[in-house]
Amino acid sequence: MKLVMAIIKPFKLDEVRESLTALGLQGLTVTEVKGFGRQKGQTEIYRGAEYSVSFLPKVKVEVAVVADQVESVVEAIQKAASTGRIGDGKIFVMDIGRAVRIRTGETDADAL
Amino acid sequence: MKLVMAIIKPFKLDEVRESLTALGLQGLTVTEVKGFGRQKGQTEIYRGAEYSVSFLPKVKVEVAVVADQVESVVEAIQKAASTGRIGDGKIFVMDIGRAVRIRTGETDADAL
Amino acid sequence: MKLVMAIIKPFKLDEVRESLTALGLQGLTVTEVKGFGRQKGQTEIYRGAEYSVSFLPKVKVEVAVVADQVESVVEAIQKAASTGRIGDGKIFVMDIGRAVRIRTGETDADAL
Amino acid sequence: MKRYALLTLGLGAAALALIDPALAQQATDAAAEAADAAPAVDAAVDAVAAGVPLETQFIFNTLSFFIHGALVMWMAAGFAMLESGLVRSKNTATICLKNIALYAVAGIMYYIIGYDLMYQGVDGGYIGTFSLFWSGDDTSFLEGAFESGSYAATSDWYFQMVFVATAASIVSGTVAERTKAWSFMLFTVILTSFIYPITGSWQWGGGWLSEMGFSDFAGSTLVHSVGGWAALAGAIVVGARKGKFNADGSINPMPGSNLPLATLGTFILWLGWFGFNGGSQLALGSAADAIAIANIYANTNMAAAGGVVAAMIVCQLFYGKIDLTMALNGAIAGLVSITAAPDSPTIGQAILIGGVGGILVVFAVPLIDKLKIDDVVGAISAHLVCGIWGTLAVSLTYQTEYETEAGETIARTMGEQFAVQATGVVSIGAFTLIASFIVWFVIKAIFGVRPAEEDEELGLDKVELGLEAYPEFGQGSQRV
Amino acid sequence: MKRYALLTLGLGAAALALIDPALAQQATDAAAEAADAAPAVDAAVDAVAAGVPLETQFIFNTLSFFIHGALVMWMAAGFAMLESGLVRSKNTATICLKNIALYAVAGIMYYIIGYDLMYQGVDGGYIGTFSLFWSGDDTSFLEGAFESGSYAATSDWYFQMVFVATAASIVSGTVAERTKAWSFMLFTVILTSFIYPITGSWQWGGGWLSEMGFSDFAGSTLVHSVGGWAALAGAIVVGARKGKFNADGSINPMPGSNLPLATLGTFILWLGWFGFNGGSQLALGSAADAIAIANIYANTNMAAAGGVVAAMIVCQLFYGKIDLTMALNGAIAGLVSITAAPDSPTIGQAILIGGVGGILVVFAVPLIDKLKIDDVVGAISAHLVCGIWGTLAVSLTYQTEYETEAGETIARTMGEQFAVQATGVVSIGAFTLIASFIVWFVIKAIFGVRPAEEDEELGLDKVELGLEAYPEFGQGSQRV
Amino acid sequence: MKRYALLTLGLGAAALALIDPALAQQATDAAAEAADAAPAVDAAVDAVAAGVPLETQFIFNTLSFFIHGALVMWMAAGFAMLESGLVRSKNTATICLKNIALYAVAGIMYYIIGYDLMYQGVDGGYIGTFSLFWSGDDTSFLEGAFESGSYAATSDWYFQMVFVATAASIVSGTVAERTKAWSFMLFTVILTSFIYPITGSWQWGGGWLSEMGFSDFAGSTLVHSVGGWAALAGAIVVGARKGKFNADGSINPMPGSNLPLATLGTFILWLGWFGFNGGSQLALGSAADAIAIANIYANTNMAAAGGVVAAMIVCQLFYGKIDLTMALNGAIAGLVSITAAPDSPTIGQAILIGGVGGILVVFAVPLIDKLKIDDVVGAISAHLVCGIWGTLAVSLTYQTEYETEAGETIARTMGEQFAVQATGVVSIGAFTLIASFIVWFVIKAIFGVRPAEEDEELGLDKVELGLEAYPEFGQGSQRV
């Protein structure tokens, strides 16, 4: 199994979720994060003093999938999350050694 | 070493923590997340308009353990976090290549 | 590629970020977390009742790097985040099987 | 009656004259001087007999204006908090800004042009005088020439000025979260300089509606419906918030981000409304005024209470849960409903009038949603719908009088009054709606009314103000 | 004294009669007419001599009621904010709803039944008249028949009505976070229709306690303790919040989620309390009243100040830190403590009375925790404990008078007054506690008072209202 | 004039004497008694003729003090909310505590020592009487001996007491987020016991400045600048917040954590300011007073409106965005600017005076930043800078009078008035700044003023109060 972790723009979350459920995935977990990257925050003025915002709000989507779905999942996320503008984010894929569904104790592919 | 990552119901956090400390674990890290899964949020009515809540509040617990503790840790979490009702969450186990305690620079098992 | 995940004290974030950009890294992702560990929260009194705070605010920094940078990145984080006092946090290193830049579709090292 | 005393004195002097002419002359002089003094004594005693000396009346009347006016000013804070609580957090700072700015602008425009347009020389007509920079004149009062009912000129101006801000506040809530700040301010300028004063002149300025026998004590129509119509026009011209209505016609609720603030705002409005309705008695110089204001306070309160309870019960029955935001809207609905006649109903009637308002608002909110009109805070439902209801309901508890050709003064029947009330509702509604449409369209054509789609997504706070309302509490969670 | 003038005039007429009977007749007629006019002149002059014409008095008295009543209404917002700030965020919207709803319901019930039960025909007894739908009658005033101390009927009703809401607000804070909304509303109905009016009739209605010489100026006992006893019964019957008390007997604090709101609520209460205590002078028609109210404002303020400072110092000494929530409770404690006699102490005494209240509250809060009574906002400590203290402390600065068999009027000694005050505290306490227990039990038996355990875990906002107070600020962090 | 009637009566009696000595004696006695009664009748009629009976005046004056004083008390809540909204969330509870505590302490110290130091026996000098525990005396009024302008002693005390708290509130905002709570309280004690009362005595106590012809109606200088100078001294002695100024001289903004609260605070201050300026008329017993207060309300409002609009426009022009916090500061700036002479300008002038204040504050905030003075809420810019502007601007609309050696009373020229105003600004500024510096230094030397660096990092709420203002909303995000 693999954990696909994607950092995306917050307003793309709904599209990403829909594209994943379209693939038949049943679950995912979302975290609110802040990202630092090539995309620079605007220079803002607060009470007459300029400052640049270095961290921008992003959303992290984590979804565990069986290995042979990885390809299509990554593709789906990339398509759904892309705006073509800087700051669209990243997808990382990692190994999961084991998965358990807490409710039933089912493991691995059955747990997802 | 392994990273055990569990997505659980928020109100189970205390029980999970206690079951882990009972195993002698000294640390863990908790993140507030939102989960999408088989458990569906209720249909709510806000100002006369129906809508369904798709994301539910969950808590992510991450705990790094030496490989031979994984079994008992997963079991302990599963037991403590289970209510038997849908939405209890998942446990994923991943590999950690290296661990460092920032304060001392100790590494791997000593770092935990 | 590797994912370096560091749990640090919140007020060290700026120093850590600076030390990483000094190494030439272009991006990282930050999450607000709560940590449980050897560092005990103070015993507080709220409305005349004592209680101990078991979870302390921490920040999780995740940065994906090519494998041969891991060494220097871990070192940089450890140096920047250290206060020498208990609760400074941990660094974990994990494998990333694949990385994609959403905007361009570039993969792996190019995606970072 | 003092005159008799003087008469007697004169007679005494006459008696003296029979005895000693010289003495008599002195006595007569004294009596003459006493007679000179008589008018003042007279007036004084008259005043005391009439209960309240004229200058005391003047102070009471003025006091009522400034204290009640301050309470109405406080409603601006109420709208600000209610709206802050009901928008999403990414637009909270902007709505705060709009609310404080509109209150400021409304006052300035009303000073520059609005007041005279509304109150000077309307004479049964359709508009007052176009003259710049209002100024009051209290010289006669400073010289001691009081009449019953007089008050400091500025106290009245102040009281009327805070009312115009209320109308503008209503608009800001409806078009929140998607309207450019400066475009909104521009609309506020026109609303408070022209639209509100013109319709206001028809009734409170002594224009044609007031001659016709229309009755709107504190402004269910003149303030609340006017605000509501202007808001409706705005909502239509500006369009719905991105994402509010799904392609399939279903509604995507966007929950308010801070309900305790919305609750606070409602309580502030409730308190301020005592000033709004109580002060509209326009006098406190007699027991009758004091009694009227006491009744107004009680009725205002109980109509709001009726609105809350009715809205809660209807919510429970129809939706199975009690929506706090509906209960809050119920309070406002009750208040708006009683505003057209807070002095005439009994307490029981006031509860019912407010209660009907509370029911109306619970059904109006989803109805307006269904019309694909996006009213962020429910202002159209609470202020327009209940403003209409309250204005029509006047006919149930109060009928104006008119003079027949024979010179008799007789009261209208309920039906006649209803017809007059309806005339007021329709005429003011039509004028305000059309005028507002035109103004919104012109602003849209020239300056635009909406930020770019991505800017709306980001939130107006970031885009127009360059800051966040709650920068430390995380962002983005509203999207999940 | 005017009578002497008329007498002299009569004498003058008599003198005339000696000279010319006809003239004398005229003069006598005039004198008679003058005599007819005399009562009016007399009354007028008496009034002026007594300082304030009767109608002016009427306006002042009425004004005091409606302005001060509005300030007390504002306390409802204060309780709403204080409680919103001190509950956990998952129950915040519910507590907002309860607060606005209880204010509405209290007014309606007091109109339907409470007021007459409290004020009509108590005559030294234990209860007033059971009659539906209060209505006031101002006809005599509209006809100009004023007496010293008269005021618009509704103004008094309005003022008393806002008081009853205060008692209900106290209960909502104690039983927050775990009581079903409709069950709580039901208790409020009974409290405001029966319990509060009955005990109120004993003193303010002119019942047996007032005859006995009990003194409770603005309601340390009649309002605050009554609320506190009802809250205590509720806390016991409803039980503690899940998780508040650990199995080992230790306490698990559940910090309030929004302390600036709690602070705001306290400030609102502080402001409103000027109305609560000041208006309880029940008149503003004479200099003596104005002086009394001025003293009341100052003492009320300084008692609160004493409460804050004392609570802060005790916190620092005993806990090493200054707990903001205790300082806020200290302010309320000071206010409750002074409420039974805000007019009689000097400013220095007021600071001390309030200061003792501030100390009491700091110790009462953990004590009540130790009794395993879960009082979410500390209302029992602030309103009940300090209500008792304030009522007893009356005996230090004020003693009522009584008539001896010999017909002499003499003041009670401090000891006698203390005994009477204690009687009032105990009798009202016993009645309220028992009645409240019964009512809570019956509600529990028939409808239940608590949501299911998992629902309580989820938070009442989700379960009973179907929404969140702060939907965008994340959830769940309160659990870590 | 009544005297003539009595004279006539006497003459009538004289006539009688010619006829029957016995009757005459009776008549004379009656006349004498009538004459005894005369002063009362006289006074009464004088009073009625003068418009407002003396006791009615007394009530009005007292009412104005206690109602307006309550509004000023409410400003304490405004400062608390404004500051709560503009600090970072980790210091929010502490600023709440400071605000409620300083209000309490200010009142207590003003009672113990401040009032007499400010108002007793200044006689053109530099300081009043050092005597402990103020107490008022209303005996003569209770005996019915009123004069024009009299009021209950405590009502005045109450009104002055709430003013001193305002000055202290200003300081808390500037030195927020980094000053130990108890050290701040200590400074407050000295400020309210000595510094404010001493400079206050120079003008309002009838000291040397008032003799010189200085004019500061409601305290642009006496309250706001004094607070501002004390804040400036504090900001310098305490130093900037860690991280506010970068090593390279650039500024690191620390956005306020809760802007709706800051907005609410501003609205509260705006409302309270009607009490601040309106009550400073110090009387409501005549039509002239009522007119003055009405003008004050309107001008106060419009100056604030001018401040908001001016600040918004300047922000838009210079920064391209409309900073909400600047608009809020603009309102305060307008209010402070008009405070020195809210009664004399026309509405148009008031808008301009406030507007200049609004512009000043937008430029002063970054300027003070550039001076490396860390003023968390912009209090120095709003209260000190605009306080100076407002005080100097008095000379444009109002000139005091003085008596020439020849005994003529003539008004100062604008230039002369400006010089006097400048003298007041400088002398009070110098005294307050120096005194404050000394006090802050002494406190720093003895107790320290700052928490340890790591404690500041953690936030004062955790360290000094042991709690969090928003414990459930996550922490740490403010750092990213």
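Which chain is which? They are A, B, C, D, E and F, in the order written, and residues in each are numbered from 1.
In this text, contacts are C-beta pairs under 8 Å (C-beta built on N, C-alpha and C of every residue); 3 or more make two chains touch, one makes a residue touch a chain.
As the structure is a computational prediction, the values presented were derived from the model and not from experiment.
Novice: Quick check on the contact graph: shortest path length from chain B to chain F, in steps?
Specialist: 2
Novice: Where the centres are mean C-alpha positions, what is the separation of chain A from chain E, in Å?
Specialist: Inter-chain centre distance comes to 57 Å.
Novice: For chain A and chain C, let me know how many angstrom lie between their CA-based centres, rounded off.
Specialist: Each chain's C-alpha centroid was found; their separation is 18 Å.
Novice: What is the distance, in whole Å, between the centres of chain C and chain F, each centre taken as the mean of its C-alpha atoms?
Specialist: Those two chain centres are 51 Å apart.
Novice: Taking each residue of chain D in turn, which ones touch at least two of the other chains?
Specialist: 5, 9, 12, 15, 19, 45, 48, 53, 56, 67, 255, 258, 264, 319, 321, 323, 325, 466-467, 470, 473-474, 477, 480
Novice: Among the residues of chain A, which are close enough to touch at least two other chains?
Specialist: Within chain A, residues 30-32, 34, 45-46, 55, 58, 94-95 contact more than one other chain.
Novice: If each chain is a dot and touching chains are joined, what shape do you get: line, ring, star, complete or other?
Specialist: Basically it's none of the tidy shapes, so other.
Novice: Chain pairs in touch?
Specialist: According to the stated criterion, the contacting chain pairs are A-B, A-C, A-D, A-F, B-C, B-D, B-E, C-E, C-F, D-E, D-F, E-F.
Novice: Over in the complex, which chain F residues touch chain E? Could you list them?
Specialist: My answer: residues 5, 9, 12-13, 15-16, 19-20, 23, 26-27, 30-31, 33-34, 36-37, 40-41, 44-45, 47-48, 53-56, 58-59, 62-63, 65-67, 69-70, 73-74, 76-77, 80-81, 84-85, 92-94, 96-97, 99-101, 103-105, 107-108, 111, 133-135, 138, 141-142, 144, 146, 151-155, 157-158, 161, 181-182, 258, 261, 264, 464-474.
Novice: Of all residues in chain A, which touch chain D in the complex?
Specialist: Against chain D, chain A makes touches at 10-11, 13-14, 30, 32, 42, 44-46, 57-59.
Novice: Mind pulling up the chain A residues that touch chain C in the complex?
Specialist: Per the stated touch rule, the residues are 2, 6-8, 31-38, 54-55, 58, 60, 70, 74, 77-78, 81-95.
Novice: Which of the residues in chain D end up touching chain B in this complex?
Specialist: Touching chain B: residues 251-253, 255, 319-321, 323, 325-326, 362-363, 365-366, 369, 378, 477, 480 of chain D.
Novice: Would you tell me which residues of chain B are touching chain C in their complex?
Specialist: Touch residues, chain B against chain C: 1, 3, 17, 26-31, 64, 94-103, 105, 111-112.
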